[in-house]
Amino acid sequence: MAEILLPLLVLCPLAASLVVFISAGRMGARAIGTVACAGVGISAVLSIILSVMLLSGPVAGGLQVTLWPWMRVAGLSADIAFTLDRISMVMVLVVTIVGLLIHVYAAGYMRDDPGIARFFGCMTLFVAAMLVLVLASDLLCLFIGWEGVGLCSYLLIGFWYDDPANTSAARKAFYMTRMGDVALLCGLLLLACATGSLRIGSVLASVADGRLPASGVNVAAAFILVGALAKSAQIPFQAWLPDAMAGPTPTSALIHAATMVTAGVYLIARVHDLFAMAAPVMALTAVLGALTLLMGACTALVQSDLKRILAWSTISQLGYMFLALGCGVWQAALFHLMTHAFFKALLFLTAGAVIMRAGHEQDIFRLGGLRRAMPGLTAAFVAGASALAGLPLVTAGFYSKEMILSGVWHVHFGLAREWTLSGHPLWGIALLGAFLTALYIFRCVFIVFCGKAGTRAAGRTSRLMGIPLVCLSVLSLFGGVIEMPDTLPSLHLFSALLDPGTPLSHADEPVWLVLAGALAPLAGLGVAWVLWGRPSPVMREIPGQAGVIRPARTGRGMDVLYDRVFVQPFRLLAWLTRLDIPGHAITGTGRLTRAASAGILGVRAGLLDMLAMRATGTARWAGHLPGLFQNGRVRWYAAWIAGGLCAGLAMAVLS
Amino acid sequence: MLAFSFNDTLLVATVLFSIGLAGVLVRRNMVFMLMSLDIMLNAAALVFVGAGARWHDATGQVMFVLILALAAVETAVGLAIIVCLHARGRPTLDADTGNLLRG
Amino acid sequence: MNPLPVLVLLPIMGGGLAWGAGRMWPRASPSMRDASWWVVLATLVVETLVLAMATFSHRAHAGPWPGHFAMPWIPAMGIAVRLDMDGLSLSLIWLSLILCFLCVLLATRQATAHAGAFRFLFLATLTGVIGTFLATDLFVFFFFWELMLVPMAGLIAAWGHEDRQRAAMKFFMFTQGSGLVMLLSILGLVITHYRQTGVLTFDYFTLAHTSLSPTGAMLLMLGFFIAFAVKLPVVPVHVWLPDAHTQAPTAASVLLAGILLKTGGYGMIRFNVMLFPDAAARFAPIAMGLGVAGILYGAWLSSAQDDVKRLIAYSSISHMGFVLLGIFAGSRMGMLGAVMQMLAHGLGTAALFLIAGAIQDRLHTRDMHRIGGLWAAMPRLSSAGLFFAMAALGMPGLGNFTGEFLVLLATWRISPLLATLAATGLVLAAIYALRMVNRIFLAAPQADTRPVTDLPSWQMAVFACVMAFLVLLGLYPQPFMIFSAPLPLPATAMAGPGGTTP
Amino acid sequence: MIGHDIFVPAPLLVVSIGIMVMLAATAWRRSVGRGFLCATGMLLLAITVVGHHTGKVPDGGDSLFVQDRWTACTAILIMFSTLCIMLMSWRDAGVTREDEYPLLLMLGTLGALAMVFSANYMPFFLGLEILGVSIMGLVTFGHRAVPGHEAAMKYLILSGVSSAILLFGIGLAYGVTGSLRFMPPIAAGAVPAALPVAATIMILAGMFFKLSAVPFHMWLPDVMEGAPVPVAAFVAVVSKIAIFSALVRYFGTQNQPPFLDDILCGVIILTIMGGNLMALRQAGFIRLMAYSSIAHMGYLLIAFVCPGRLQSGVVSVYLAAYTVNTLGVFAAMDAFAIPGGPDGRVVAQWKGAFSSRPFLASVMSLMLLSLAGIPPGIGFFAKFGIAAAGVEHQRDLLLCFLIIGSIIGLYYYLNIVRTMMAAPALPSVKLNRQMRPELTVLVIVLSMIVVIGGLFPARAIHPFLPPPVAPSGTGDGATH
């Protein structure tokens, strides 16, 4: 039974995509919407059925289906094979359910766009590719999904191709993810050379029994890490995600929040045994995750575009997941991935609705005071924001973040013989990140929804777009209960589901740890209220120029205090993030290669001209060669004959 | 027995030959070139006569007569061509002027 | 009746008929297909039937490989028309036939002047190519190798675009000159064999086990390598390719890119690696270095082009770099990767050239600045172009990726550094492919473009078949790999070193 | 020394009798047509009797003439070429009403045949001179008077000088060996060693002048440009075949004397490079063909310096290929000439020939491709043979120059094909004037030979595969 359902799971969105592409002009917008939602809907239902079968069936193993042998050559055996075990079940559920909701929303959002057929074709193709990525039990088959999602993200970011900025953003996204893909490919090559086959099970088994030397393991893990970093827009490769906001909002929600960017996290979670044996790479992952977390939060703090704030917040939340992976608590990372998918999708969809209603205005300073105009959207946005900030007890975000914080606290990296890096400094950064997250998301909430009225809001959000928002709000608020920290009633449903073997409960966890985790978001909320929320806010940023703050009004005590405590560091922070060292580095290298290629082409052209010039030179010289030899004078010819004779005689007689 | 050995005739013939060759190279007048051509042919004939004498063989003499005949043919055809050139608009006898065929 | 000589001679005879028909019934009206077109189509159909017969008939005969045919030609010099067919030559002939069908169906509009002569030269090239793939007598191979160039140069010189004369001349001089170097190698091999065994013969199998001194073997191998390197093309001697491809008419550039480049690869497999195995092994590092250089140089220059056809031409230099890498990687996997890459590249690049030709027919320009976005005006053509651009950049699940992955894996075994460098070539491939897509398909349409008609539905169906074939090649390559693997030299007649399979 | 029953090969006899008859007829009444008819009939008769001879074959080996398969092959080639040239010059010779033209042609052929059959210096030298003088006469024919005479004058003086050198060499050889046998002089007895060497060098110089090897090639372009097209073909083909066959006869099939080795290599390299480089810059079609024939002589000499199993077959194929190709080119050029219009002697006039005169253009390109050594034509197999002979002797230096030369050759041959393919200068109205019937037949026959020779060279080799047996019959000759 499962052998049929599993491939069907992937085939439905693929078939929907083909139908939509081939129909191109002939189907109406509504029909296209329904076909797409149907495709993804069927796969959602199938995934639920399969999950139930998996949970009720034998615990270990999971459903294994080999479709056909792909490459069977001496030295490599790779085939198209899907497995549904606990990790991929979680991902499949997230992808299909969130995907379905986003498709329903998009059916309403994109109804009047002429290119809707191309849009839904790419979206369903993306879901199919993501499912292939998640279900693949062969790393090479995973690579098909990996590049497939990259292609769909390129097509969707550059969806409105009239504006060259969109297409260049799409190309930039594809180039960066492609660099990561090449690194991942090199990792696969290394593993294939060492182990002969790319089945995940056999790779991990042969790595475990030492077929790969330690250095080999580190290099392979490093390659895979680089691939994941590029896909999830972490530190060196983060420039493409903010530009990716050029695509339609449902795309940003599905691809650049919920599913594609988390593919890197899923991959590392899938091969965590390999990473566990590569300690330095784990440490690197953790440090990079922490740095990205901090950098993402700070940059989001000074953004003025609503969707860019959410993009930077995605980068910072991914930083959390990488931090968790680095510290070995991959279950926490996956749990945070799930909850993040819910509330981030919610935030993006609501933002999309808000922007659509406010006449496509994306600058938060020009929106202002929409609380009264769209109460429903405000409620959804606040729900999402609180889940993102991780307000204690009431939101899912709190539980997943708490799980990560406790995991980070208990980790010890045995890097070199005597030098061990303990988890505490990373925990500190994570906590600061939580505070900053609350700060920037509530800044956005207060500026957009509270305060004096900005642009006039028109029209109503259609019912079709409303339903997904409601579902996502419920999920992001109550989705977290299935995994409680120990101090609260220790409920570990999720981690038990994921990995029944290793219990995650730390009995000796100090109580203040959970309290700190709960207080940080609240503190962030308070400070945000002080700075932006209350009627006479301290921070009055000039609309249009992000991060430029008007000087404090009068020298009165409280304002001077606030100014020195909050405004100065904020201004410093704004200046710092504008530096954007990695971004400049990447544009610098781009400019460098262009200059180099122009230089080399110039040299090549110069060479060719010089060659041509010399050729004409010799041609001219050869031109009057006949004058020298063939000048038509008989005596000259006779002289040549005599000369030839004498030369011959000389050579013969003398030699 | 023989007053001159083969080498001496060879020496004279070579000198004669180089005189003829020099004549062809130096003189510009076509008639003189024909004359020096004749000298070269006679030098060759002299070698044959000397060789014939050395080998006491009549072939040398036969070849000499043959070469005389050839020289006569050369000169006759040469003069005929010079006359035609003169008739067809190339008055001077200079070998180097009015070259149409070159390059 | 042995199918092999029929395979070789049928196209040129069909070509002659087409020329006659072209002169007898010149084109009645521009839209209606003229008589010579139908003759060409008939020839190709019959040729496919004969090839199918050759593929599936297992007749017992003397030859070591499935297909065999021998007829004395010049007994004085020990030359006989020996034609042998194994999996590799069979698959490449199938590729040639498919591409010819594509040309006949899709690229027929601009061959108006002297259509009969155009089709004669077109089929003559096919004869030359099939002869090259089948000949196992070194003289006959050299004969077809040189014969193949004349009609192709004629096609470029007579029906090409603005700068066709110079391009045809450069193409002819490069290939012909390197052919002469190969001639010396062939003769060197034959004469050394004659000195050792007293038998003057040009037969490939008997020559395969002349025992040569290391330097002798290397020299002869280099002679062959130069000729095939010019044809493949390998970087330093690739100068003729961009001009030839840009100036050739669509059908000719499809033939040139699709098949003629493969004769270089086929030659290297058959006459470098299988004839001089140890010399090839010693030469492998340099060859693989050249391969990687080709990949990077081709991709890099391709991303700096403004002319569509020139861009595609440079991209095929990059792809052929992978083939060179695979052939000299020394393992069976590398060889299979190279063969798969040749098949996939043949289909992909031929389709890209057809699309570029279609654009040039409609907009009379190849300059990407003046073409502008076509998605709005021609969605079908643009989607086909997008698909084949994806194939060109090596999207997994399509044919190119299978070839490239196997080649990279085989290279990784030899030297990880080379493989990583080659892999970075994939990033450059993405750059030129997407740059092309974003300049001529997904871009703002040019202001002044006149109304242009999209691909008719039957042409789109043909493109769809090619797409399906590429996906099949990408996702289920196993039967193709088994089918087109080059058979090792026959063990029986082989006293010398065995084939390449470790 | 001369036996009583004279041994004379039959063709020589037939041709001389024919010439006598023509001379007598001229005395009676002048008629060009009759001259051509008589000449053609005589040539056909000569070709049929080429194998026979009169008188008893002298065994002592000191006869004037020799008869074997090599002489048969070259004689047939010479007579076939003369027939073609007669066919070519049929129409315009009739116009000028000079019936000396066929007579001089026959005399030239007689001289060439004498050189081919000679085994003694005397008939060789006589043949050389008869050929020379008849060429001087032929060159002045045609409507371009002044250049014709200038060419004749140049040829006269230069061939005079070279004959003098040749005679001096023969004299020395006679002085050293005491006999006029047609073979390199070997020092016998008390003779200073330098003499036979000098003799051989001077004889070789005389021969190379006639073969137009580079240091002595200056006369060929001027003479061919001055002469009318058929005569240029005659000079380029018949005289070359005759002198080359004498050269092969002279040195026999064993290796050349050692001191000659580097001289020969030097000459060959100079000839190949000189011929090809000079041909690059030519605008005149005939001058270009002159230089290309110099280059081809260079390639032929490569085979000459590599005696061995392959040599005899290769040399005869190359000679046949060169003859047919050159005759084809000149025939097409002659057919292209329109009385009063462009006369096809300048390459520029051939611009756009593919559209204005497609048949002629395709024949010309076939001939040029075959000259360049490209498959469909017989030239391909000829060049292949040369390379095979070269490789057999590991003459690497010569082979490199063979390759460089043929690449350069490729360029200027294809340049002509390129100009023919270009758009025609004048509007491409198809000039459908009726081409002279006999020329059409000739051109078609020559193209058939080229293509069939190219596809089935075995046919071309087999009958013409006479091992050039050394005059004394001592040389082992080719094995089969």
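Letters A, B, C and D mark the chains in the order given here, with residues in each chain numbered from 1 onward.
By definition in this document, contacts are C-beta pairs under 8 Å (C-beta built on N, C-alpha and C of every residue); 3 or more make two chains touch, one makes a residue touch a chain.
Keep in mind the model is a prediction, meaning the values are calculated, not measured.
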Following contacts chain by chain, what is the lowest number of steps it takes to reach chain C starting at chain B?
2
Comparing each chain's Cα average against the average over all protein Cα atoms, the nearest is chain C
Looking only at C-beta pairs that count as contacts, which pair of chains has more of them, A-D or B-D?
B-D
Need the CA-centroid distance for the pair chain A / chain D, whole Å please.
80
Starting from the mean Cα coordinates of chain B and chain D, work out the distance between those two points in Å.
26
Per the C-alpha centroid definition, the whole-Å distance linking chain C and chain D comes out as 43
Would you mind pulling out the distance in Å between where the CA atoms of chain A average out and where those of chain C do?
40
Touching at least 2 other chains, the residues of chain C are none
Could you list the positions in chain A whose residues touch two or more of the other chains?
626, 630, 632, 634, 638, 642
Of all residues in chain D, which are in touch with two or more distinct other chains?
153-154, 157, 161, 221-222
Here the pairs of chains that touch are A-B, A-C, A-D, B-D, C-D
Can you list the residues on chain A that touch chain C in the complex?
21, 24-25, 68-76, 80, 140, 143-144, 146-148, 151, 154, 158, 161-164, 167-168, 170-171, 174-175, 178-179, 181-182, 185-186, 189-190, 192-193, 597, 601
If we count contacts the way the header does, which residues on chain B are in touch with chain A in the complex?
21, 24-26, 28, 33, 95-96, 99-103
Interface with chain A, chain D side, in the complex: residues 153-154, 157-158, 161-162, 165, 194, 197-198, 200-202, 204-205, 208-209, 215-216, 218-219, 221-222, 259-260, 262-263, 266, 277-278, 280-281
What part of chain D is in contact with chain B in the complex they form?
1, 122, 125-126, 129, 133, 136-137, 140, 145-147, 149-154, 156-157, 160-161, 163-164, 167-168, 170-172, 174-175, 178, 180, 221-222, 225-226, 282, 287
Chain D residues touching chain C - in the complex, by the definition given at the top:
310, 313, 354, 369, 374-376, 380-381, 384, 387-388, 390-392, 399, 403, 406-407, 410-411, 414-415, 417-418, 421-422, 456-458, 461-462, 465, 480
